[in-house]
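Below is one structure. I have some questions about it.
A, B, C, D, E, F, G and H are the chain letters, set down in written order, and residue numbers restart from 1 in every chain.
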Amino acid sequence: MNGDRLIEILESYKKGEIDQESALDVLKDLPFKDLGYASLDNHRALRVGYPEVIYCSGKSDEQLRGIFSYFLTQESSILGTRASREQFDAVQDLSPELVYEPISRTITATRGERKKIGDSYIAVVTAGTSDIPVAEEAAVTAEFFGSRVERIYDVGVAGIHRLFSRIELIRGAKVIIVAAGMEGALASVVGGLVNSPVIAVPTSVGYGASFNGLSALLTMLNSCASGISVVNIDNGFGAAYQADMINRL
Amino acid sequence: MNGDRLIEILESYKKGEIDQESALDVLKDLPFKDLGYASLDNHRALRVGYPEVIYCSGKSDEQLRGIFSYFLTQESSILGTRASREQFDAVQDLSPELVYEPISRTITATRGERKKIGDSYIAVVTAGTSDIPVAEEAAVTAEFFGSRVERIYDVGVAGIHRLFSRIELIRGAKVIIVAAGMEGALASVVGGLVNSPVIAVPTSVGYGASFNGLSALLTMLNSCASGISVVNIDNGFGAAYQADMINRL
Amino acid sequence: MNGDRLIEILESYKKGEIDQESALDVLKDLPFKDLGYASLDNHRALRVGYPEVIYCSGKSDEQLRGIFSYFLTQESSILGTRASREQFDAVQDLSPELVYEPISRTITATRGERKKIGDSYIAVVTAGTSDIPVAEEAAVTAEFFGSRVERIYDVGVAGIHRLFSRIELIRGAKVIIVAAGMEGALASVVGGLVNSPVIAVPTSVGYGASFNGLSALLTMLNSCASGISVVNIDNGFGAAYQADMINRL
Amino acid sequence: MNGDRLIEILESYKKGEIDQESALDVLKDLPFKDLGYASLDNHRALRVGYPEVIYCSGKSDEQLRGIFSYFLTQESSILGTRASREQFDAVQDLSPELVYEPISRTITATRGERKKIGDSYIAVVTAGTSDIPVAEEAAVTAEFFGSRVERIYDVGVAGIHRLFSRIELIRGAKVIIVAAGMEGALASVVGGLVNSPVIAVPTSVGYGASFNGLSALLTMLNSCASGISVVNIDNGFGAAYQADMINRL
Amino acid sequence: MNGDRLIEILESYKKGEIDQESALDVLKDLPFKDLGYASLDNHRALRVGYPEVIYCSGKSDEQLRGIFSYFLTQESSILGTRASREQFDAVQDLSPELVYEPISRTITATRGERKKIGDSYIAVVTAGTSDIPVAEEAAVTAEFFGSRVERIYDVGVAGIHRLFSRIELIRGAKVIIVAAGMEGALASVVGGLVNSPVIAVPTSVGYGASFNGLSALLTMLNSCASGISVVNIDNGFGAAYQADMINRL
Amino acid sequence: MNGDRLIEILESYKKGEIDQESALDVLKDLPFKDLGYASLDNHRALRVGYPEVIYCSGKSDEQLRGIFSYFLTQESSILGTRASREQFDAVQDLSPELVYEPISRTITATRGERKKIGDSYIAVVTAGTSDIPVAEEAAVTAEFFGSRVERIYDVGVAGIHRLFSRIELIRGAKVIIVAAGMEGALASVVGGLVNSPVIAVPTSVGYGASFNGLSALLTMLNSCASGISVVNIDNGFGAAYQADMINRL
Amino acid sequence: MNGDRLIEILESYKKGEIDQESALDVLKDLPFKDLGYASLDNHRALRVGYPEVIYCSGKSDEQLRGIFSYFLTQESSILGTRASREQFDAVQDLSPELVYEPISRTITATRGERKKIGDSYIAVVTAGTSDIPVAEEAAVTAEFFGSRVERIYDVGVAGIHRLFSRIELIRGAKVIIVAAGMEGALASVVGGLVNSPVIAVPTSVGYGASFNGLSALLTMLNSCASGISVVNIDNGFGAAYQADMINRL
Amino acid sequence: MNGDRLIEILESYKKGEIDQESALDVLKDLPFKDLGYASLDNHRALRVGYPEVIYCSGKSDEQLRGIFSYFLTQESSILGTRASREQFDAVQDLSPELVYEPISRTITATRGERKKIGDSYIAVVTAGTSDIPVAEEAAVTAEFFGSRVERIYDVGVAGIHRLFSRIELIRGAKVIIVAAGMEGALASVVGGLVNSPVIAVPTSVGYGASFNGLSALLTMLNSCASGISVVNIDNGFGAAYQADMINRL
């Protein structure tokens, strides 16, 4: 489309339908529009059927209503992350398509058929029960983007046999998301047992010297196991976004 | 092989060649040996021809000589990271195969033919000139593992046109490594312009409030662009390890 | 005036209207009174028509009523920053001149005609929607001080084309305020594209390793682009104060 | 020129001298080249005669020789910052124009006549003697860019009378740079006494809980005086860059 | 008394009134009882009429009722610090002597005549209005201990003339308490102008990079002025305690 | 039992009751099941009658009901830690065995007779009254595990005679838990006076520069007295767990 | 002895051999002497044959010579920790008994026969090769105190099979010391696999976001496995001291 | 003198010896000169015979020579702090009066007779041997200012009996300086045993989580004992300065 438009302008100018100044004017802006056109939101939406993503936290009800309203007029699916129930209440009446999941704190509107990815899947693993909300944000996001997800929850290192009993399922994944709070050691242990990329998500689960996830974050960054990269504390969405990218390769 | 050995023991026992106690003794250890057998170093070495990796920093000359000597008796290629020239001097005489590259601070011994990966490549991008040692650690590592690497150096956001002039090369990569110190903004900007996974490496380049790479690390963890994950400060090796994993998918 | 008063005292003494001790007494205090007289609040108010500024946060309703009451007896315009609606409710009845703007959290009373500055303007730029309250504190403050303001909101680096499409407006500003949270990379990118001073305002927008704005603060302090200085996290007022100073040059 | 080139291509295409594909190809790249053309280094150098700046710290002697050699073939003046004497020794033979100043740690090559700015000047103020190297980096940089500089050193708040005795010189400046380590209170005190923008430079001078300049940095960011912005610890160059920008307004 | 008791036991033993074992038993405990007897609370209370002090924060209503009830049966005056109004409500009915002051958040019961200290006084100085609660905790505490207090509030360095106009009153103090938040520069400035010991109290007033008083704390610890020592953030009580000690010398 | 099972499988295979593939399949999993079988929860429960422990904080009411319901079907005693009263209200109806203690914030269900440990006891010592909730979590946990506990509360170093008057009781303990907030000095002082292992628990009691327990944590980690180890801030449970382990030796 | 001396004084006084004043004088000091007598150094040395311990780091050669000279006149064994070879050179000539071990950085003088502890042993486990110096400080210390030590080195979680292959040896220990740097996850994994107390020693091994051991320290403090306590970074001595205490129970 | 000069100018003007403009000119500067004249350095030197103080660290040899040369032309005694032996070597030849003490790292020149203070003394107490350099900086400084000093070294809480055996000497002091590193608990213990003001000096002695004195600093700021204030890490000079001030009261 972008290319088409450029051609169209060139042709119009050649035919004398627009004068040099007008062509110049449009073309001067093109780069930015081109860049814009190549931006994640639109381009990706067209190509791979990605839903539009709205980071709800910190936005006013009014702002959310405006943004959801606009996207509802579009054809893409919609994903709202970090949405409180109050925020969902504020937009719910805009469309019956909007669905709220309280654990992942997501608002979703699924439209059309998402292009599924083959047989490969993403393993989403948690150390404990309290890490599940972050893991669910990841799982819901990845599924929304079209990936298959296998959930392996509460297999932290305090009872490492739980991890081993499910290790084959984890090893079978094309990419693995590990969400863990407190000391976050699970990411290293998983990393040492698999051959797939591991995306580690530190969670803010813990107290005292966990410093709201800092402890788990540092653990994961310093992992002695190779093949691990890290996203922000509690950033289930970010982990899923990259995992889905990798899952498509 | 592991499975073969297990079968062998079972058969020996069945045939009465070994008694129950002996079988029990071996089998009791098997799980751990199995796990050991499935460990990254050996398993991966066999399957994908990964070089053995030695983290040289903090090891004594004596220890390094011992480790290199052992690996030189093996068939795999060898990669030593974070090696000072003094450390190389201490092992150099062990084999003419050992090569030192001072910028990446790597010692390598290439043996046999590494299994090359198809046409895809890893883009290694730096914000500045001072980030190059970290980038080279990544590039050398990735090449050693068999990936093709394209280097795009010194394209930081202070002169963003330099980035744009090479953006197509970056966009063509299957996975992108961005090494940046100081404020580390380049990772976000690249992340906003591409559709491939970005592995961000904060570097300790900077002074004052860069706090030895903390500033760049936080920047990268908080990136508003999606599809970015982060490794430890100056961890070019770790970024390359995961990038190579992804490049093989 | 200060000089006048000094002359007056000298003359009085010379004429014998006041004795040595009295003159001494007054003169001993003069420096401090002189300094006092030259203080920002009063001096500046007289000279450039600056509104009185009240930092409302942390003040009791009683204290605020006392301060607003006093300033309302003066002729200057009044600006109250970081005011909650409850605080506005507590002072609203003091005068119909008092106006509350909930996004910028400002209470204002405009009196007389503010001396406008020529054609130049301040660009107030934000990375995201959530940075707008801080940006509005800056914009309202700058307008109150007499500067023209152009608002360019939600042009963060995740979709950098949005920034480019408005870059001319930003480049046209005499001084630019960039408010950004999360990783705060926008300040560096803008700084690399313009020739005007950039005042960067880190915002506390973000979560996890944003550490309430610390991440954006460090990013901005370490910017590899030149011409950028930084104010405290969420300090829209402070950025506008200095920007207005520069805009008057 | 950029505009000219765009016109030229359009004309060539209209005339049929280049086919659609070629025009398309060139135009697709234009934005980035346009952006490149608008980059600070070149554009600014042409317009205001800014010297090229090389951040020497962390660059190898070889790299420095390469960069200096290139710039010496150009016509602009050259400024190398954070250069050790060893680094100067490594490049000194490239040209007799290169001069090293050990306190500011700058290498300079002055070529042609820099466009001087009118009568206005920048005041560079330090709290103590140990802050002078940072202040000199600022002063040398600002003078190199064409600003007049007045140095007011060692007037910290422990003996505040020293500040007051020189306050008129400080007040007369168009913009003020204050460099202070330890508790960094001088910036606030100066900020409370003047009507010009103050750019505060925390220095790493101090010990113990100064945490290498963190204490002064926080002090300056939290200043209760208005009109103050802050640059990185020890970043005399950055302060001077923005101060010069403001001094030209 | 302690000495007397020791003599008494020795005599009893000599006279055979108590056997060796008993004497041994008592004597073995004596050190601790002696030390106990010399403890601040009781010893000081007897000697200098210090009120008993109860740190109320974090204590349950039940605990507070128990502690206040006990002390009310004693003769000393009572000072409860960091008491919420709810806590006062929970103990108020124990005695009509109990008085609550909401700004300093103190509960007091004054009994008998406190031994006043001569003519000397403690100056309690604040940078801003928001620092007053901490200053009042100091002032109320010091007065309770028998010191005369002069309050000099809102004389921060942003309008330094306010400080100078009251400097004689400050200089006249035997010891000075300076409470300041944000950048906390006032302590250094006062310290540079007086010859008396300054006890600096950082307050948690501020936002963003004030990090709840950390900025002011570091400023005060790094003061370039001599004669300043520091207490914990918001610790008005602690400053007053030491100031009263010094005022008695 | 684990060993028995292994033998059983070997025998079945030898006898031809199961084929090679089945034996292989089971044996391949054995390590993990073995490891699982040796996990803390089950193994320890069988051997030493440890209660099951549920960390309640951050779990939903639904999750807690599920977990408590399951454990109530088992025979072990149950200990829920960091339980709010609301959480207890949510599970209370599951069984009359469940008891809530508000100070320690524990939910307990005692079943059968816990195997008591001989005469030795654990001393639980606090510096102040506000540390008691953490100490009670430790005391209740240790008693639940079968240890005898002696409580010595409010003997902090500000009135060190209180400590000395009870030192014999402390010295008599087999292991000592010291809970202290603020500066946490009590652990060092106790450590210098006893010959038993001291487990130090920093508490979040304090304000300002206590940074929610960080100050006490660092104090305890840096103790100049030997024989002290440290657990997480406010982690009374963890201290009691290890203390009980030691008490059983 | 202490008791004896007290009796002796009482008797002397009773017999009139010393007068009241003299008795009083001695008894007044007794408590402190009693406390002194109960101090670790002397009391423990007598009772359990503990070597005297000298923390060498930061002491001048002269001071070390004085301290070693004194202890060499005593009968106890001597242990000097954190001793550089230069420091050993400075004291070596004092006695042929002094022995230096460069990896543990200990100076020892073994005298008499240390009272061995029964069959139990302490397991000293490291994650990597670089953690060995800290582990050796622990092992040498524990052996010196009379404990048997089993060393299990380089069994970190990156190749977890190495740990499993030696788990029985670890499980057999009465108390376990785990030394690990980088992310420090090994302590949690070991803690989840054993029933003995684990004393975790974070080491400063690592780079970047390991922040000199902070990462491992936080990991260990936040361990989700129970039964783990922590000592200071690199504090092998402290871990061994407590481990030996426990091993004697 | 200051007053005298003011009178003189007034008289000259009255007599017509100087015209209005000249008087005005001088008087305009007077406040600052007055303030300057009242500055610590000169005023105090005159009044109480304080030595001039030079903070040597970070000053160049040339600067030190200049400053010492100037002060040697004056009559006051001179104290240089934080001076390396190299720095002393650089100034030694300026005068035979200059004396270097390597432990306290002070350069002194004693001239005339310092006004001694009566019988009272300052107790300088250290926890360990390694804190002595900081303590000596304090002791030398206090003695230089004319205070009597009693040194009580190496009485830390690990062997608290050492403290008790010298407590009377400590209690007899008018003001107490406590220097302690590692966990810094000594300040709290001393504070709980005395009735005099305690000035606590955290030292950088320690390793690991002492974070170069941060641990001791936080301990001292959070002391539960009253009457303690704190100076910067290793700031023996600052503690002595305030202690001497208090000792003179």
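Here, a residue touches a chain if its C-beta (ideal position, glycine included) is under 8 Å from a C-beta of that chain, and two chains touch if they have at least 3 such contacts.
Since the model is a prediction, treat every value here as computed from it, not as a measurement.
Enquirer: Roughly how far apart in rotation are chain E and chain G when fitted on CA atoms, stated in degrees to the nearest 5?
Expert: Rounded to the nearest 5 degrees, it is 180.
Enquirer: Name the chain whose C-alpha centroid is most distant from the C-alpha centroid of chain F.
Expert: Between chain F and every other chain, the largest centroid distance is to D.
Enquirer: Taking D-E as the reference interface, identify its repeat among E-G, B-D or F-H, namely the pair sharing over half of the contact pairs by residue number.
Expert: Equivalent contacts to D-E are found in F-H.
Enquirer: Rounded to the nearest whole Å, what is the centre-to-centre distance of chain A and chain E, using the mean of the C-alpha atoms as each centre?
Expert: 54
Enquirer: Based only on mean CA positions, could you tell me how far chain B sits from chain F in angstrom?
Expert: 40
Enquirer: Going through chain F residue by residue, note those that touch at least 2 other chains and give them in order.
Expert: Those would be 31-32, 34-35, 38-40, 158-160, 192-193, 208-210, 214, 217, 221-222, 225-226, 232-233.
Enquirer: Mind pulling up the chain E residues that touch chain F in the complex?
Expert: It is residues 29, 31-33, 35-41, 57-59, 63, 82, 202, 204, 212-214, 217, 232-235 of chain E that touch chain F.
Enquirer: Under the definition above, what is the set of chain B residues touching chain C in their complex?
Expert: Result: residues 127-128, 156-160, 182-185, 188-189, 191-193, 206, 208-211, 214-216, 218-226 of chain B touch chain C.
Enquirer: Chain G touches which residues of chain E in the complex?
Expert: Of all residues in chain E, those touching chain G are 3, 6-7, 10-11, 13-14, 20, 23-24, 27-28, 30-32, 34-35.
Enquirer: Can you name the residues of chain H that touch chain G in the complex?
Expert: 129-130, 158-162, 164-165, 167, 205, 207-210
Enquirer: How about chain D: which of its residues touch chain C in the complex?
Expert: Residues in contact with chain C: 31, 35, 38-40, 43-44, 47, 53, 164, 174, 192-193, 195-197, 199, 217, 221-222, 225-233, 237-239, 241-242, 245-246, 249.
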